[in-house]
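Each of the next two complexes has subunit A plus one more chain, namely subunit B in the first and subunit C in the second.
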Partner chain A sequence: MLSPTRDPAFGQRLGATLLLLALLAPTFALTGFNPFVLLRQDTWHVWLGFVAGFLPPAHDADFLAEVLRETVTTLASATQGLALAAAIGLPAALATSRALDAARLTAEPPSRWAETAKRSLRGLLVALRGVPEIVWALLFVRAVGLGSLPAVLAIGVAYGGMLGKVYAEILESQPAEPARALAASGAGRLARFAWATLPQALPELVSYSVYRWECAIRASAVMGFVGAGGIGQLIDTSLKMLNGGEVSTLLLVFLLLVALTEAISRLCRRALDSRAGIAGIAVATLAAVLGSWVWLRQGWPSDAFDLAALDHFAGEFFPPAHDAALLTSAGRGILETLAMSLLGSVLAFVGGALLAVPAAGRFGVMLKGLSRLLLNLLRGVPDLMWAALAVLAVGLGPAAGVLALTLHTAGVLGRLFAETLENAAPEPERALRAAGAGRFSAFAYGQLPQVLAQWIAYTLYRWENNIRIATVLGIVGAGGIGTQLYLALSLFQQQTAATLIIAMLLLSWAVETLSRVLRRRMES
Partner chain B sequence: MSLLFDRVSLSLGGSPVLHDISLSLADGEQAALIGPSGAGKTSLLMLANTVLRPNGGSLQLLGQAPWSLPSRALRALRRDIGTVYQSPPLPPRQRVVNAVAAGRLGRQSLAAALAQLLLPRDTAAIEAALARVNLADRLWERCDQLSGGQRQRVGIARVLYQAPRLLLVDEPVSALDPRLAEQTVRLLTDEARSRGATLLMSLHSVELALAFFPRLIGARQGRVMFDLPREAVSEAQLSALYADETPHAPPPTPTPLPWQRPC
Partner chain C sequence: MNKLTATLASAALLLSAGTTFAQDVLRVSAIPDEAPTELARKFAPLGAYLEKETGLKVQFVPVTDYAGVVTALTSDKLDMAWLGGFTYVQAKERGKVIPLVQREEDTKFTSKFIANTASGVNSLKDLKGKSFAFGSASSTSGHLMPRFFLQKEGIKPETFFKNVAYSGAHDATVAWVASGKVDGGALNSSVWDKLVEGHKVDLTKVKVIGTTPPFYDYNWTVRGNLDPALVKKITAAFLKLDAKNPEQKNILELQRATRFVPTKPDNYRGIESAAREAGLLK
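Now for the complex of A and B:
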């Protein structure tokens, strides 16, 4: 029965489906990811053996002492890194925020020189946050050596770029009248900030900084994969020695650490309501920064801040290489990166949807608890850690990257999907059940239309994110353009590395622009 | 008997809603359910379509006791019971064609139901059902592009398409203007008569009930106050039914479905 349907949306839907299939088909070849392997019995045999190797978690005293030490280092690196980021971001925000511009607050004519300076500072911040923090870590390991110092610098630089932008935006979102009144009575830029804008913006600034601190801890935990110390370094070693018991102890400790920081950050947000709470946060921050400095300083080489050597190292990246062979292979790397991100996101959509339905409590309390636990595990372990594990499970190459992206993103999406399911109105489905529809049909006609658009929007957003992540997975051997960057830096080919970093920046810029354009078109 | 309630009672969230309801409707019979807000009319209909389960008493629908049936047989029974809801339970982004087609999900395999989401089938019959509520031209639109009254009529088109043997209708005309309201009640009574289906409809408007239904059931505070042929209903009974509406049960404002809240 292939009579032409009268459905006016049919052509568009067919087109969209064919486009997705056309995009998806080559990704299997490009990444070497074979989904049918997952269905074969011997694969599962190997994997179950792999997972069984993780049990029981290692727990001898020496190892645990080392884990504790490195956990503190991870925490200290994140804290120290965020302090550096704030030291970069706050002055940058003060200098660039439009909320403090006299020209915007009063009729004072803008100074062309100042505007140019602000524009270039904003451009610098874009570059700082455009390079992923793990790439910064890789560069700093080459520049200042192994240890926690490169982790601190990497977080400081990358997050400095982010904080500079977000702090400025937070200042801009406050009511302008107090600052305007001060500007009209001749107060300078800093006075306007301290007396008018800061008191309004403080809770938001603190709350965002605490959130970034949580992110910094996750980032700091994976930086050990490139030699930048902390718990990640132990995971890397244990993985290379195929010591599953140690890896599972480390993953557990990491998940506990993340839970702990989430609790601390909740506490901070609650403390923001009172003056005593804010004073408490200030004291605790000071203590944490000083304490982490003392803890980390002993491990840093005394000549680490040799500025001339750093300058020399930076100089080696210029001019970026641009021979045809490199450009071709960079192009292939980008294609592989895109393929990994697309396939990983599509598979994560499927996995997230399959887990979200039980996680929303549709198959009883038991399965709800189990699927939530699984989602939390998938989401809690950072993508780079999944990539390191996936490399062990399926070998070096982009297939591991696809697997890692799928696992982590399925955890993220599954939780969001479950939330939309719980928020959807139950009446349509109940009405269909009352009219004799089966469980699944009633779901497809009563619930799915309420949530599907939201699910697709979430997935597109995560795909954008996954493209950025896929560029760095190669650092742990999971394919994409990161593989080439890691290789180039290992061979001291700084000029090649410069080209690859520029390619990464261009890719992330292109994706951001494209998604902004698409979003605007979808909204209109 | 299409519908048989024997001393049925119901509590929701611990508070009693219906007490000792005994009621029967013969095959093909038509009755209107009237009474003030909070009388339990909707709850009674939701018992009759098996959305709610009674706490006491027994009930039979189309000759079967739904709550002693195995789940397969319950499904089979349910496909012969159609309900028009006061707020039509339609997902906002769903297209009208699918919203109406959903009326026959009980007669389809899962595979057919899913295939139909991608490639609508039987559109002629769906369009015919929509034409009877004057919405044939809205077949391909999304439900959230329709007005409240139009959505209510899509809900009616769905049961027309379902063609059930027991038709339960909960206040079908609340979002319609008086002329359209009369037309709609006439449509539903004609439909039930022509197919020999049994019809139980709750109505706020006593005039419509008197004009279209040979039998009136008056409910108040969870009890049946009278159950009489229309000629036997007295003016005094009606004013007693609606007397001092508020003191005992404050009219429960029906919680608006999420997509019906004003933005």
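Now for the complex of A and C:
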């Protein structure tokens, strides 16, 4: 007779874990990630020396004035970038959304020409959002140079592609009757949008845009790593110079900025319930966009929008290089990127799960508060920033990338995991406890089965995201294909860069497809 | 029709005036081979001097990206820039630029190879299997020439070292080696000497293990379509800087120059062929 506190499936669980580890072994080899390096004394020596330098945070007046200026620039770039994104995304959604198609609303047959145009517009949007915003920033720094303009354009273009898709989906999710009624009485596409679909979809559109604005601020804060201004530029410099005091001030300011934007976005969502609130949001948006325009404009060169030069710049990328040596090294870069993202996601799953249990309040209020704080910190610092820090801890190369992905993703997953734990029905576990099961078995049999599928789905989704991020971590020296891209662009080898960007796009497309198939299989 | 032609012609004139004639601001930048604060500090008195000499307002545009400076200069977004030998060659390949002057020191510039004292490295050969940092990938004295001379010694960085990193700037390379983040590195001798003189480097942690043969490096370059009269004025202003004048002595000291001498494109042939040989220029 087994003791009731022992886990009867212990053997199976151990087997599955070992199998997973065996599958992961090649990723350890590819990334050179050795968890034991973290425990080595000399690593700690470098790391502790740097962290000790964090205190006290730098606070001389000149530095603080500069931090303030760059923080405003970061905020303004994000706002301006999102305004540009909306200016791209809204017309694109208006043009492509199936919700407004006459064919869907009336019996009119679709025009082949219009369908082709829509399909190519959708394809363009995919390309816009397929290239990570930091890569856009790298390109724009080369194309238009200097200051915050590249950051604005990068956010505008990448988020424009995203908004175009999501706006279209939001329009499609609205009840079709009002639009159909208008279409029946002969109203055109624009009129159907303005008088039927837009009023229905407005709160959701605004709410999603506000969420994107939050993301844009995080993105804008790391644009400086590629020379596109803002607070990231200061962080980059301070990190390179190993000036811990400045880094800690900058990180604190950054976290405050994130908290502030989260508060603003919560406020906006609440305001959406009333008409006055929506009007308030409109006024505030207008003021923010104008204000950021005025703030940023002074730093922009007067001839910034020199389209002839842009055209020439874009032309240099064609035809993409395809010599054997490049293709081999790009292949190696892709493999390394994949390994980084996979290992980082799996480790983050473990870390997230370990933190989620206390964060769900299972070990008292104290530990709940502490683990929540830790999760927020892990999640709040963007992956690229973690990567820049991780490079200090484990040296340059893919190992730093793994560490960065693990830390950031553990924060994201931990919070989601904790939420699923809190929402899971407590009865099965209670029943098991009452029947005499031990704490661990009761959790493993009463709670875990309820949440595990959800956890795996979240992790798969994050993995998809992490592959995209892993492609760019090389920009700060944390391995993967981004390292090669950064080097190629620094040396004006645009055709090589073009090949690498195509490789990145193919990779993220392949993963998106794979993950969609996997998730569909899990659902059925 | 005539009216249209006239309008177009005057519009074209106005546009070109924007870039060539109606110059009231001189936009200057420098490759970010040192921390941005240091670059700004170094430039301030020189900027004031150039303002006086040219009668133009001089605006220093901080850029944190080497390639960004090259692009800005060749697309007329900057009027003048302090370039390294390699960035000058890149600029020359991508547009019309004119090198004006260089420091006397730049005619026989060198790079230092340094190592962490605790790494047990005493020579370049000892760096086998260790980690190594260049400065920026676009740097002449922090990357191109050290790489070129390493290759002449039969050392191919990507296979010889365990890990090759780019710190981004010369002073960052020193900080990385001192902290043990990398075992060895290469940087510009002038910055090394400045750090040593200013006691900004802990010599118990970092030591020099080699020096490259001399090569031509940094210069001040202007965009090719800058008003020739202005180009002449700027050149003259640099050339007459004199260490005997106390005010100008300060400028020269900050630039780490004894004096400025004229330079010409031919001086950079060596750099160009080194770049091609090292595979950094195609």
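As a convention for this text, the second predicted complex is superposed on the first by the 473 of 524 C-alpha atoms of A that agree within 3 Å, B and C clash if a C-alpha of one lies under 4 Å from a C-alpha of the other, contacts with A are read in each partner's own complex, and residues count from 1 in each chain.
Heads up, the rule we're going with is that a contact is a pair of C-beta atoms (placed from the backbone, for glycine too) under 8 Å apart; a residue touches a chain by one contact, two chains touch by 3 or more.
What you see is a predicted model, and the numbers here were worked out from it, not measured in a lab.
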{"item": "Subunit B versus subunit C as contact partner of A:Gly369, first or second or both or neither", "value": "neither"}
{"item": "Touching partner for A:Ala453 - first (subunit B), second (subunit C), both, neither", "value": "first"}
{"item": "Which superposed partner A:Gly11 touches (first subunit B, second subunit C, both, neither)", "value": "neither"}
{"item": "Which superposed partner A:Pro175 touches (first subunit B, second subunit C, both, neither)", "value": "neither"}
{"item": "Touched partner set for A:Arg430, first subunit B, second subunit C, both or neither", "value": "first"}
{"item": "First, second, both or neither for A:Leu489, with subunit B first and subunit C second", "value": "second"}
{"item": "Contacts of A:Pro26 with subunit B and subunit C, given as first, second, both or neither", "value": "neither"}
{"item": "Subunit A-facing residues of subunit C, complex", "value": "18-19, 27, 35-37, 61, 63-68, 70-72, 75-77, 90, 93-94, 131, 136-138, 163, 165-169, 171-172, 175-176, 179-182, 280-282"}
{"item": "List of subunit A residues in touch with subunit B within their complex", "value": "5-10, 13, 423, 425, 427-428, 430-438, 440-442, 444-447, 449-450, 452-453"}
{"item": "Contact footprint of subunit A on subunit B as seen in their complex", "value": "49-51, 75-83, 85, 87, 89-95, 97-98, 101-103, 105-108, 110, 113-114, 117-120, 123, 140, 162, 164, 257-259"}
{"item": "Contact set on subunit A toward subunit C in their complex", "value": "42, 45-46, 49-50, 141-143, 145-147, 224, 226-227, 233, 236-237, 240-242, 301, 303, 306, 309, 313, 392, 395-397, 477, 486-487, 489-493"}
